[in-house]
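Read through the structures below before going on.
First chain A sits with chain B, and in the next complex the same chain sits with chain C.
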Partner chain A sequence: MALAREIYQALEDIVGKKNISEDIGVCESYRSIASQTSAHYGPFDHWTPLPQAVILPGSTEEVQNVVRICNKYKIQFKAGSTFYATMAYIGSDYAVQLDMRRMSKIEIDAKNQCAIIEPYAIAAVVQAEAMKVGLNLNIPGVGCSSSTLASTSGWAGFGPTSIFMGASGENLLSAEWVLPDGEVIKTGSAGAGAGWFCGEGPGPSFRSVFRGVTGVAGSMGVCTKIAVRLHPWPGPTFLPSDGVLPAYKAVLPDNFKCYTLCFPDWEGWTTAAAIIHENDVLYLGHRQYNMFGRNLKGAMIRILTDPEKQLCDLPELLEDPELQKQNESMKLEFQVVIAGMTKKDMEYKEKAIDEILKLSRGWKNEMMLEKDVHDWALLYLLRLGHKNLNYVLCGAYEGNFGMSSNLYVTTPLMEEASALKRKWEVEATAIAATGGDSEMGSISGIGGGGVTGWEYFTNFDAYDKDSIRGTKEFFDDTQRWMTEHGLGGDFSRWNTECRREDSYNYTQEEHDSFFVKMAQPHVMAYQWKVREAFNPNHLGGSYYRTLTPDKVPEGK
Partner chain B sequence: MFDSMKEKLATIVGADNVKDDAGILESYAKDQSFATGIRPWFVVKPQNAQQVQDLVKWANETSTPLVPVSSGGPHHKGDTIPSVPQSVIVDLSGMNRILNINRQQRMTVVEPGVTYGELQEALAKEGMTLSMPLAPRATKSVMTSVLEVEPRLNANHQWQYHDPLRCMEVVWGDGNSMFTGEAAGGVKDLEKQWDAQKWQVSGNGPNMFDFLRIPTQAQGTMGIVTWASLKCEVLPTIHNMHFVPAKKLENLIDFVYRVIRLRFSDELMVMNGSYLAELLGESAEQIQQLKAELPQWVALVGVLGRELLPEDRVEQQTSDIEEIAQQHGLKMVPALPKIKGDKVLAKALNPSKELYWKETAKGAYQDIFFVTTLDKTPMFLKAMYELAEDEGYNTSDIGVYIQPQHCGSSYHLEFHLPYDPNNALETAKVKRMFEKGSELMSGLGAFYARPYGMWAKLQLNKDAQSYNALKKLKKIFDPNDVMNTGKLTV
Partner chain C sequence: MSLQDYRPMMERCSMCLNCRWIPFDKIKSQRYGQNCPSIGYYNFNTNTARGRFQMAQSMLDGRTTYTDDVIETIHSCTACGACDMACKVCRYNLEPLDHNLELKAHAVADGKTLPGQLPVIENLVKENTMLVGAKKANRMDWAEGLDMIDLFKETADVAFFAGCQYSYNKDLQKVARNAVKVLQKAGVKVGTLGGADNCCAGRALQMGFTKEYNDQSSANIKAFEKAGVKTIVTPCSDCYHAFKRQYPKSGSTVEVLHMVEYLDRLIADGKIKFTKSVPMSVTYHDPCHLGRLGESFTPWEGKEKKILNQVHTWEPRRPRYTGANGIYDAPRNILASIPGVELVEMERIREYSWCCGAGGGCSDTLPEFSSWTAGERLTEANATGADALVSACPWCKNNFANAVDENGNKMQVLDIIELVQMAL
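Then we have the complex of A and B:
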């Protein structure tokens, strides 16, 4: 049903005629195809529902008034900023979409190392502003073109620099939030007007309501401003880039080095990662280029660092003996960036890397040390601006497996997981054959090390129904394998409890049927109580997982 | 009623663990702060999580307020004394097992009664250590210390505000029991989780709600934590403490900002000479002597090496920090007159002797502490000194401690006011100083993140939305208001 005229008029009165639309063409553009990069939901062959209207608020006050109208008329709403994943989109027919692009302010407090930002401040711009004063931020895997506020407050937020800077949730200081009922709250020190430096307290922290192991994916009101902690950037006041697309590179001073550390076996790999977790050596640690697949990564790096080459050169490059040698050299590898805060600090870190390699029987890959390749990798990893390359093989990808727990448990299983993927690559036609092992991700998903943040990249064709169906079957198989090995939920299934396959919200009965089986169902029962307290009209959709408390089995 | 209560409590924790002797009850009715308490009805000492859960369920059935206490006395913040009549003290000091130590994962799991001395000794045997608050009381519970987010000395390793705290088992105020963080994602049995190689490393969640942030800074008002997992560090093989003296606090500000900005140092803190003298002095006389000899202000800089190239790291960090000091017109030295770095390190990183060091100078003290940013600390200091002069309190007696937190994004600022409890005039003066100073600091923008006693009113009255949200959370986890009733309220 269309919005009643008085409702539309009320919304228009809040944001102005130019900032609201119910034009079918505009509204259609705010639907997400769930067949690809839904982080992590799908692949399904359908689209999210059509919003009743798209609204572009320009201030916290406007957001608050829109939310009040939604409460008055029981209209569901969801705010999105850079719309990378399906979680930013609505899940019911009677809903409006908020697009936060008009709110993009950035304020840097250089002395106290934080940035106060609005929803549409993308990471690339925040980074550029921070670098002007010798600071940098954790850019998570979603890449630099995405909203920093969204990944910090709304979702997971680990990435290459998390080992040094902490994951995004760890960097969240105070936040301003329009609650689902229309009230505005500022968390921590900002609530009392003391500044944005602390997101905790007074007493128990209210941020508990919207930022657990992940954020609430837009299901509990609208975050309108946050402060994020920034970290040292011992480089120039801008990130110097050079080269020709796609071989952009960063020419940085000698206090930045990017190495690809390689190992003879997973035991050596694990040893190196564990030592890194215990010592403050890295600025950045990530297994990045294996996302192209174990068999393809060397050739893909050659293509991407040479503007003369194209994807059609791939078959020829794969036959190159020298490239084969390099590819074999970095079969089991990860990338690191070390950054010297001083000359002596750099000398120490260089020596430490050599010592780690000695202890883990590892080596540095030679090809990745070539000047052009090195500088390309530096820019890639420090800025994460090459997100387009995730799609380059087949037009779509999705992450799966996601063995992000104990390093010593997961690394011995890597070859088995890779063999399972390889089997599907060879025996089915749904997913790209990249060599089985396409595991990539953070050396640490939390600051200082301890938990990894990994996924396997699976490339497929998002516009081919057979490929979508086949990929889903593969993911079902990997979930089976994960369960068999006690590894929990497959990465590709993270959000399948949040939205139905037809992309609509789950009912409470459906949620209850899932969560009643949990080993500790009180988790979801308390989330039910939290939703009832702060979102009494249930306007945020079913991303907030809940279990009706009286369904918790006796004795649990 | 009293007898039937006692009988019921005895069935839960055993008759030997229910106390109602007048002397014992009196000892739980007051602490060393200016807070006024009410004598509890009973003190019970549960021995395991099941008993704790049974106690909380009983409290809900009988509308009996429970006050959880884990540390031994003396207490100083008013949070462990009952605010309402007919309360039951839940003394958790008997639950004092170290449940697990895992060197591979650098994790340990402890019960509430474990003290720093006990834990550090056990960890050292496995080549590990836990980050420390500054010289805690000998009887201080490690768990209480991390739950109340006492500032740690190693801000550069505090990626999370609550580090080193990770997962927990909580009996909420409604009587339900669950694990939090990664541990809530599996079967509710630690042994089985360990068998499956799950070591309670990741503390957030386990889903979209962050349960860890409910019992923290809560003064026991939300539930009772029966174990907690803690992230440890590898034991250093070299560990040095250096000093950067200065005449004024302002002289140290940019130096500290620079050191923390570059992520140098392992411990970093600033204190005035009075505070350092109290930390180091073994007697009131010695403290007076030290105050005369020590610099007015000093930044303490710890540098360590662990297993990977320890000498190289220590040499690099020391050299670079020395250079930063020079760039700021300061000098970093390995010792102060008569005070070597080793002595300060030993004092700072170990539990206090039995007589708490903060009580050595005059027998009692009152602290005012809050969270702020480093650039604002001179403003607070000036105001506090002016107040002291107005009140006739000797400014040279005021100890000042500034501790970076959370990679330097915020700072703990503490004013320490020692006094002689046997001198009624001085006691009254410090009480006035505390009350007026707390209000003064609040007016200047102090953030009482841990709002003990009168600070709850000062802080929560500034922010109606946060207080309303807090009340809603309290209603969810402690619907009958049985957990430390009367705390964290306006």
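Then we have the complex of A and C:
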């Protein structure tokens, strides 16, 4: 049903004629094809619902007024910034899409080491502005094209630098939040008019409501401004990038080094990671280039660092004996960046890395030390630039397995998980054959070291219906394997509790039917109460997971 | 190709929206991080390469029809290729610019044009130029008094092709005259087709008027053959792109050089020597069709081949136009060789340069959008503190000369040929 004229007019009066559209072509471009599954939903061969209108608010006041109109007429709404992930899109037919693009301000508060940002400030620009004053931010795994506000306020948010800087939740300070009913509150110190430097006070915290651990994916109102914690950047005031597209690289001073640390077995790998967790050595730690798969990573690095090479060069590169040797050398590896705050600090960190390698029977891969490759890897990891290497192989990918846990729980299972993926690569053709093990992710998903954040990258072809279907079947199989091993939800299924397979919101009855079976159903029942208090008209969609309290089984 | 042929790209686009930004590795500030004028001005996702893929797919599927907004969106692409190169930082098998142009051609074939396009195309058909009001009969007025060789009677080192802006625009004619004089002073035998040439029609192609482009380009190729043209030198970046990248698809084998390439050679060979100092700081704007779209055409015929189950490649190897091999160094070499000139670079340069806004016919059809795009560049140029903005394309110069930056300030805009002339 189209919006009634008086509703559309009321919305247009708020944002101005140029900043709202119900044109069919415009609205069609605000649908997500669920075969492109970023952020762990799908793959399915259909689109998210068509919005009734697309609205581009330019201020918190405009957001507030739009939300009030939505409440008045019971219209669902969802705010998106970069529209990278399906979670940013609406989930019902009677809904409007907010595009936060016009709200993109960045203010760097160097004294308090934080950036006060609006939704459309992507990580690459926040980082560029922060570096001007010797600071940096944690860019989560989604990459630098993502909205820092969205990932910090609304999703899990760990990444390569989390070991040094912490994950998104740890970096969220004060926030300005338009509640689902249109009221505006400021959390933390901003709530007391004391600046933006603190998330907890003076002033209300609301962290558990507002964000929790994994975030509410934009389903509880609209976050319009946050302060994000910044961290030391002992480098130049901008990333000095040169080289030929797409093989850009960064020549940084000697106090930056990027190494690929390699190990003879998972035991050695685990030993090294565990020591790193206990020592303040890394600026960045990630198993990154294994995203291309155990068999392909060396060849892909050669392609990505040579502007003349293309994917059609893969077969020839895979036959190259020297490259095979290098690939074998980094079969079990992860990448680290060390950054010296002083000359002595750098010397200490170099020695520490060497000592860790001794204790873990490891070595540094030679190919990754070649000057061009080193400088390319360093630039890539620091900016998490062209993060969308995810898409290089096939255009579509999804992370699965998702073993975010203690090192000693997950690493013993790696080969078994890899074998399962390899079986699907060999026996079916739906997913790209990359060598089974394509596990990648953070060495630590929290600041200082601790829980890991890993996923297996599975590449498939979104244009090939058999590939989409077959990939989904593979994910069903990995979920079966995860369940058998007591590992919980597969990464590829994270959002399938939040949006139905047909891409629409779940009804409360549907949510009740599966959350009642949870080990701790009270969590979702508590969230039901929170939603009723903050979002009485249920306008945010079903990314907020709830269970009707009277459905909680007795004794739970 | 037809729009339907682009369906695999539409469905394989990853929705990453790299197409909105200069390569992330190149971003130095928030202010100058964006690359696409169309979403910069209109703000809706629809105006990105991703949005265009999506809109086109919904048209093919029958969900989207030609509304006024859809038609304007389709034609509000300056064909600058910034999205294309940003995409290719990541992807090896998408061609966003080709798709944007095919979408325009599809709309034009369906009769869905903008009002401002028709007089331009009518003039192209009638007078062989896309400058409304200009007459074929006056095409060589700019060259009056210049002693150029008639290529239908004699041979020359190069055929000089001024292009429509330099031929008809009274403010720019002197630049073309100076270009010829500079070449002649360096001992180059400069030939002309004497008005037998037509508009290159590259802009018609950028606007989706494929038939009109084909008619003009065929006529030009025949004229080149008849006159025995081996090498063309042009000071116009639009003409350069048309001749170098598009005409070979229709069989042209003529060597094509932009004036900056030729000047760079002459300076390096010592045939041009500067005698005066030009104490001026300048910033250089890379024209899209000379820079990232200035790469040579390589013929290719082949098909998709999947390897490793689902990795799509091309057999045989397909040329990849990333913009990396455009013409960037030649103009900078020239500026470096002029005594007194100091080059201060903007943040968005070379393959990730911001467009002037004139491309895709937008300066004629969507003047407000076009002017805003030029103003954005002037803001960036003024931020360098340079005395002047230098370019190597009359369309860029013209668009900049008529625009103001975000503070309402104008800027001195020079063609690089003018700067060379000042130093001789």
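What we mean here is this: the second predicted complex is superposed on the first by the 552 of 556 C-alpha atoms of A that agree within 3 Å, B and C clash if a C-alpha of one lies under 4 Å from a C-alpha of the other, contacts with A are read in each partner's own complex, and residues count from 1 in each chain.
Methods note: a contact is a pair of C-beta atoms (placed from the backbone, for glycine too) under 8 Å apart; a residue touches a chain by one contact, two chains touch by 3 or more.
This one's a predicted model, so the numbers in the text were calculated from it and none came from an experiment.
Visitor: Given the alignment on chain A, is it a clash or a fit between chain B and chain C?
Guide: fit
Visitor: Check the residue A:A194 against both partner chains and state whether it touches chain B (first), chain C (second), both, or neither.
Guide: In the superposition, A:A194 touches chain B alone.
Visitor: Tell me which partner A:M341 touches in the superposition: chain B (first), chain C (second), both or neither.
Guide: First partner only.
Visitor: Report for A:I431: first if it touches chain B alone, second if chain C alone, otherwise both or neither.
Guide: Only chain C; A:I431 stays clear of chain B.
Visitor: Going by the contact rule set out at the top, does A:D464 touch chain B (first), chain C (second), both, or neither?
Guide: Only chain C is touched by A:D464; chain B is not.
Visitor: Which partner chains sit in contact with A:F83 here, chain B, chain C, both or neither? Use first/second/both/neither.
Guide: The second partner, chain C, only.
Visitor: Contacts for A:L261 in the overlay, against chain B (first) and chain C (second): which applies, first, second, both or neither?
Guide: After superposing on A, A:L261 lies clear of both chain B and chain C.
Visitor: State whether A:F534 touches chain B only (first), chain C only (second), both chains, or neither.
Guide: In the superposition, A:F534 touches chain B alone.
Visitor: Give me, in Å and rounded to a whole number, the least C-alpha distance separating chain B from chain C in the superposition.
Guide: Distance of closest C-alpha approach: 22 Å.
Visitor: Give the list of chain C residues in touch with chain A in this complex.
Guide: 7-8, 11-18, 21, 23-30, 33, 43-46, 50-51, 54-55, 58-59, 63-65, 67, 69-70, 73, 85, 88-94, 305-315, 317-318, 320, 322-324, 351
Visitor: Write out the stretch or stretches of chain A touching chain B in their complex.
Guide: 111-114, 134, 165-166, 169-170, 173, 183-189, 191-195, 197-217, 219, 229, 231-232, 234, 274-275, 277-281, 341-342, 344-345, 347-348, 351-352, 355-356, 405-406, 408-409, 445-448, 450-451, 486, 488, 519-520, 522-524, 526-527, 529-530, 533-534, 543-545
Visitor: Mind listing the chain B positions that touch chain A in their complex?
Guide: Within the complex, chain B touches chain A at residues 104-106, 149, 156-157, 159-162, 176-179, 181-182, 184-188, 196-199, 201-202, 204-219, 221-222, 231, 234, 257, 261-264, 306-309, 312-313, 316, 319-320, 323, 371-375, 406-410, 445-451, 456, 459-460, 462-463, 465-466, 468-470, 472-473, 475-477, 488.
Visitor: Would you tell me which residues of chain A are touching chain C in their complex?
Guide: On the chain A side, the touching residues are 18-19, 21, 23-26, 28-33, 35-36, 38, 54, 56, 82-84, 99, 101-102, 104, 106, 121-122, 124-126, 128-129, 132, 144-145, 238-239, 241, 244-246, 248, 250, 296, 307, 310-312, 314-315, 379-380, 383, 385-396, 425, 429-434, 459-464, 467.
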